[in-house]
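What follows is a structure written as structure tokens; I'll ask about it next.
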């Protein structure tokens, strides 16, 4: 091989690696990306059983029911609709009624939402951003003023 | 009064930074030594002013001066003293102050140790550092001022976020920022070289130690952060691919690439333009991380209290610096001459491959982190890109890199002998396969991919050892001779070996935990037992406890193996009284390299409690490996050769000590 | 004044430091190529080491040496040719003026807009040593004392009613309980704790509270406060006849002209009895004052009293979410929808943006039906 050919081969090798990476990324996006919904979205769109989604909203007042063992069921609401969710495991410390929450999981064949992850984040001031945005958009929020002193 | 003096010092620091941003760079252009001489002394002054200001803020925290709004919002008079100190950076305003303090510290270090740098280069570097400092000073003063006062002052503070009340807060942010901000020096060097239109050899000698120092601290910072999240959040995970974690991981990946390309540049004068570009990219990723954490554009466990004006401000800084640097690069880079020639199979070639893979991996992490953001802006659709995405893309792409790592140090500069390298690695490869099968057998199997992963990890470890073995010529020469030869090797050789070995140890931990981990969620009542990882866990009951600013319910477990009690562990649920905020303190027991992790759920009405237990084999390897890498970094930094490179002036005799790590 | 002098000194000092290098006699720009030459020399030495240890092949080492040698030559060449710039004396009037102007102008402009020059530092220790009449500080001081001496029942006993008045019911409950633990039961403490529990549950006499009041009465038949709440509990439980009996007995045992006379009379009337001391007629000024002190009659009036002080308190310290929740709920219970809405608005103003406090307020508003009209356009 001449030096020029060698160089071309190297560049082609590098390019093919990058191409592999791009294809992999596209494939992974198709596979493992979860869309975010609020309960009232689910009346408009249908989510097939087995599709991973994120469901966000507020934990409905008085909806937490502890089953036997470590299974807990509760309802996620956005003020208009609510969706029952069941979850097995340990709930985060800041999981409370009336608080914002994001759950991730799938609808089972009986059309009940089974979550495998429940996030109610770190800080007591925290409201999951997706939830906050939507509540704002739906006008439940007072958009006035921002800074807190 | 002292508070106001601190505030004024901060304002004065901005004025100083503005002067520093202009005079030296003009001086360098006009080749005027007097104006350039403002840079070093000015950088020291800037550091002194910022340090004083930071000290005042710290004092306000220590004495609980609640007339300072920032102290009132994030402190409590009953907090243990260590958290009063660490609490300074446990909030947005204070952490920006820490950022600034470290930035000005690095400028001061460049000023002190850069006496032997070419004068124009030093003046330009310090000016660029001052540009960054000015931007962040302005940001702090206008949008995140920690010296805003309250009158009348409240009697008690609102307490620090309980999750942050942990020794991790004292260690993690300073280390992380030393890394993050350390890359600003590389950035400034790159921009200064572009302004000058020329990269001399001293430039390359300088960039590498700074990169090494920053990389070492960032490695440590990320490892500490990961362990902290692991034990504090009670979810048993050590890495969540959370956007903020990614924000610190991307500069680390790019920094690792920079570390290796700077090596080629330093030794062989090749890859100049690429190194300059990588320096700019690395710090740009640090800035991007800062933006992501503080602007509130992403959902994250780390989210600071967010404020849109701050986000826009940081976005402006980001655009200005990244855009400016890349424009300058596009304009000036063609002028830079490239150097040394090398064959594809050579030390240089392997380092280029390393750079290619690391950059592509950084790219996938960047895409995964930003894609939801871009999609939401364009279509309004909200998605989340989580661990599965990153495991698939990043995980797969890293495999070729891990395979080639042991080959790199075996190859000669300029033209290497792949076959020879292979021969030298036969033993290492054989040993790793054997070790992997052994572990696999003792763990009673698992997915076949685990076998591959384990072999890879062992290959990294044994490959690093084989490198030292070869260089000492063990096996061929007499043992004592070989030992002497080994001792005579430059420290950077040990640094390399340690860093690669550390990587292997980390990979080992990751593979072992992901494939062999077992977990269980059980409801336990007093006296009941459960089995995990070959150990029996007995729940002995709950007890109430009280800390300085919290109350807690502690659950006691006795752990036995084969009927013999071997240890006991407490796991608790705390309630921090000032914020009425609960936290979970996981109980963690270390057995050798493995850990048993016990986390508490909610108490049941019938007196039972939900307990989640993990058996995590080899998990400590993950952080242990990172610390070996960090140690390797320090060993490499202590190499004498890094200090002799930069030449002395005739006027000043052999005072060439340069230790950027301090 | 001292502060401004210090500011002036600091500014002048920084200016002097920055100007000093420019005031020195001008010197020649030293040549910066020499450094490069030294670096290349060092690279050559390292190349030799690498060759010896086999890190680079002999041929390649030769090539590398040639590469470095070329660079070394050109650098050395440039060094000898350029020889640096000639020493020229330059004036630095403009840059110096820039320094002298920039520091005070930027410093003062920004500081005057951002700073609070009049405020002294206020370390908590110093403030606690001199609390003056600041209620919050006095409480903090007492809390400190108790944190160190948690067994000081006297301290808890003192603090408990203060907490109650500050509407920190949780703390008040804890303080009463501690006082009870260390100093034993007295009718006053038991009734105080009961009253705290009642207040904490928005005026409802809970089972726990009733138990406490009954114990207080068992210790002292004449504890009118406890007896009143027991009656209130019966009334809330819907046991009208028992409630009436309790209130009538209370009225009978009360000394004439007692502060709570009217209050009791109202409850008697409410439960279908005929109060002896009718709340009709012309109450004396004393009666009015007493009634006001007591916090007026039935649950509605009681709330109204609380509400007013709460409202005032929130105006002073708006970042009190429990307070706002209570206020909105109270107005609604009083049937003052207009005020409830105003309170809701004010509360949201205190907690703007995406905060869970705001969300709690909104959730409450939805729950009890305070409409949000006029808030969202």
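Each chain carries a letter (A, B and C) given by its place in the written order, and its residues are counted from 1.
Basically, a contact is a pair of C-beta atoms (placed from the backbone, for glycine too) under 8 Å apart; a residue touches a chain by one contact, two chains touch by 3 or more.
Source: prediction; values computed, not measured.
In terms of C-beta pairs in contact, the better-connected of the chain pairs A-B and A-C is A-B. Ranked by how close its mean Cα position lies to the mean of all protein Cα atoms, the top chain is B.
Separating the CA-averaged centres of subunit A and subunit C is a span of 32 Å. Taking each chain's centre as the average of its CA atoms, subunit A and subunit B sit 27 Å apart. For subunit A, the set of residues touching two or more other chains reads 124-126, 129, 146, 148. For subunit B, the set of residues that touch two or more other chains comprises 148. Of all residues in subunit B, only 69, 148, 161, 163, 234, 296, 298-299, 301-303, 305, 307-309, 344, 356-357, 360, 363-364, 367-368, 371, 381-386, 388-389, 392-393, 396-397, 400, 521-523, 573, 579-584, 599-602, 604-605, 610, 612 touch subunit A in the complex they form. Those residues of subunit C whose C-beta lies close enough to touch subunit A in the complex are 348-349, 351-356, 358-360, 362-363, 366-367, 372, 375-376.
If you check the complex, the residues on subunit B that touch subunit C are 1-5, 7-9, 11-12, 14-16, 18-19, 22-23, 26, 31-35, 37-38, 41-42, 45, 49, 60, 63-67, 77-78, 116-121, 141, 145, 147-149, 151-156, 200-202, 205, 267-269, 339-341, 347, 412-415, 471, 489-490, 641, 644-650. Those residues of subunit C lying in contact with subunit B across their complex are 2-3, 6-7, 10-11, 14, 17-18, 20-22, 24, 26-30, 32-40, 42-43, 46, 49-50, 53-57, 59-60, 63-64, 67-68, 71, 75, 85, 90, 92, 95, 98-99, 102-103, 105-107, 110-111, 114-117, 119-125, 127, 134, 136-137, 139-140, 144, 147. For subunit A in complex with subunit B, the touching residues are 6, 9-10, 14, 17-18, 20-21, 24-25, 27-29, 31-36, 54, 66, 68-70, 88-91, 93-94, 102, 104, 121-126, 128-130, 146-149.
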